[in-house]
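Notes for the one structure printed next.
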Amino acid sequence: MSLRKKFFVCLTVFIFQMASVLPVFAEGEAIQIKGSDTMVNLGQAWAEEFMRANPEVSIAVTGGGSGTGIAAIISNTCDIAQASRSMKEEEIEKAENSGEKIHETIVGYDGIAVVAHPSNPVSGLTIAQIADIFTGKVKNWNELGGKDLPILVLSRDRNSGTHVFFLEHVLRGGNSKGPEEFDTEALMMPSNQSLVQEIKSSEAAIGYVGLGYVTSDLKVITVAKNDGSEYVEPSIETVQNATYPISRPLYFYTRGTLRPAVQKFIDFVLGPEGQEIIELLDFVPLNKD
Amino acid sequence: MESARKPWNRALEFLIERAIFFAGIISIFFVILIFVFLLKEGVSLLKTYPLKDFIFGQKWYPISEPPSFGVVPLLLGSLAVTMGAIVIAVPLGMGAAIYIAVVAPGWLKEILKATVEFLAAIPSIVLGFIGLVTLVPLVKQVFHLTTGLTAISGSIMLAFMAMPTIVSMMEDALTAVPRSYREGAIAMGATKWQMIWRVLLPAASSGMLAAIMLGIGRVIGETMAVLMITGNAARIPTSLFQPVRTMTATIAAEMGEAVQGSDHYFALFAIGIVLFIITFLINLAAGFFIGRAHHK
Amino acid sequence: MTNDIVIDVRDYNLYYGDFHALLDVNLSIKKKSVTAIIGPSGCGKSTLLRGLNRMNDLIDQVRVTGEIFIEGKPIYAEKRDLVELRKKVGMVFQRPNPFPLSVYENVAFGLRLHSHLSKEEVAQKVEESLKAVALWKELKDKLKAPALRLSGEQQQRLCIARLAAMSADIFLMDEPCSALDPVATQHIEELIRVLKEDYTIVIVTHNMAQAARVSDETAYFYLGKLIEMGPTDQIFTRPARKETEDYITGRFG
């Protein structure tokens, strides 16, 4: 036998051995959850609580952004994609090419708070005003009744579900294909933490974050839907009763028929324990009715 | 005994030779594969988006309807940050290299060399984080800006990242200058600084240019630190004190969200090609200078 | 008579760390003469030469006692200006070491360091200096060429020219022909004979025939001591000391 042949025989044997060993790792029933950075702590909290009651299941939660999770569900490399935006039609189409249906579950809500530096005298803005700030039509705080200070616009970067939601629901007023865009001068922050930190350090800054990231040293701007309507502060109640205009659902995406463990986990999330955890982490639970 | 060992040696030598050859071929193969993949994905953009609008477009709105994939603000962002970094790193690095190569006493020389090389071992995301919490507020305060997340912050941070490359390569180039040149100059009554300025630096110039080129190569490809501290606003920069968005940061920030096979996805690969071409040219220039240094 | 003495070495001792490299050296060198320093390897002849323009200062752990007077001024005196000293006392090394610059810039090097001459004055000096070492004819059209492209002999002449240009009047030559072929060696020796009309030359050499051919005076060193110094023909024909005779006749060394 030539050396080359021997090599291939060895390689083949090796591959088969590996293949027979690998499934052993899966025996403990593992669930892979991937996606939205906004939801990563939430997913982790659910997973911990669930695993305490079901020690035979091991759940791994990773972030990377809604897009990352959705890409993973498309390529079938995770069981659940967490997303803070809904899947685009083209994404669903791509995922369903394999023949398996994509299933969407709303697991809770997130309100997006518009935040500014605590020293900023401006306390309430309309959706239209906010849109003007972020598209760059309004450049100075004095146009909004504030100090004579150029506005520093902070946005999350495009891999963030929050960015997409804010773009479509605030800047484009709900028309997801609208022409409006963030001002080119808007800073694109890579994480919620860095955005919050930058707001704290700059008097002129304005930005937006999920309700869970609001801390007491930030100024939370109250938002009015229209000129005449009431200015509402974001809170669990106002998101749940839909009086606060900038809120969004949080999604689980799954594909095909679910394994019992995955189904059990989703039921847990939608159940009272799961919903309690949502509230604990400053997100907004589903309406109990 | 001796003769019995010989065939073994020859067989071993043959095997080692083959293994090295194989390793070399594999690495070339992978480089070609990467380039072909990059090209294939990047060029796919041109099926639906005109090349002219990509190269000269001044707006980067990848998720608008219709999207604009103008690379100009990103390219200029990268160049601004890189040039800033080089302007800072070259004089500093040159000073450090001269000090280590010529001025420092033996024991200090070793300590300094080890320290500079240690700088290279710090992961860039760690440097980025340190930059975010220390440098960014400082830049904001010192230059009275509305935000410290600017090109200059990125430049300063990247200058630190380019330093190890620049210092150690320049130091090599300076040490390689024959001792006789230095002695000759000193014997003619040159002071140390005159000797360095008039003999050492001209003699080492090729190697030092190569060091600068490789420093640029290191800086322009850097991602995490710039993503964290340059503000990522895709505007055309008019000064270093503005937020900018670099090509690398754009790819890193948007690749996760871009739908595979979409125009946005292909556009990010097209940026990759631009980046690849730039680093390739820079390395080519560095190679040219290194070749010239050896030729002398 | 004493006015003729340009270099006067008095009770000169030099130590490399613990090693006593030169012991109580006393000698004087006349103006516009060629003095050869000979002796076996390690006898301290190069060390003495490098002591004359304090090039030994570059080596760590060198310690010196005694004094050397150049034109009557002590060179180890505390406030001695080394730049002044090295400008006056130039050095030619074993291996030609022109700088990696053009021919012109090599010759002009010292002028750029030490003077503020106009462009024309510099050009004039460069021409004179190249003429002094008989390089002008060959190189006047190649002044912009890199000096490292020249032949070994041309490079060594260039190294002498660049000393002449900055008006050095003492040339220290440390085996200047050891890297050259016999023909080139002969040319350099001829040059030395011409140069002594205007310059004082101290040459260290291994080659006794060379010492005999070019020098007026010869000093023989052995194990860091000056054994004997005198007119060259006397040293080579009737040395006063037995050791000198043994070395010169090739009985050892």
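Here the chain labels run A, B and C in written order, and each chain numbers its own residues starting at 1.
Criterion: contacts are C-beta pairs under 8 Å (C-beta built on N, C-alpha and C of every residue); 3 or more make two chains touch, one makes a residue touch a chain.
In this text the structure is predicted, and so the values were computed from the model without any measurement.
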Per-chain Cα centre nearest the global Cα centre, belonging to chain: B
Please identify which chain has its centre, taken as the mean of its CA atoms, farthest from the centre of subunit B. C
What whole-Å value do you get for the distance between subunit A and subunit C if each is reduced to the mean of its CA atoms? 81
Per the C-alpha centroid definition, the whole-Å distance linking subunit B and subunit C comes out as 48
Whole-Å distance, subunit A centre to subunit B centre, using C-alpha means? 34
Note the residues in subunit B that touch 2 or more other chains, in rising order. none
Which residues of subunit A touch subunit B once you look at their complex with the stated criterion? 64-68, 71, 74, 88, 90-91, 94, 149-150, 152, 157-160, 164, 167, 177-179, 181, 184-190, 194, 197-198, 201-202, 204-205
Under the touch definition given earlier, write down the residues of subunit B that touch subunit C in their complex. 178, 180-181, 183-191, 194, 198-199, 202-203, 296
Of all residues in subunit B, which touch subunit A in the complex? 59-65, 73, 132, 136-137, 140, 146-149, 227-228, 231-236, 242-243, 245, 253-262
Give every residue of subunit C touching subunit B within the complex, in rising order. 53, 55, 58, 82-87, 90-91, 93, 95, 97-101, 109-110, 112-114, 148, 159, 162-163, 166
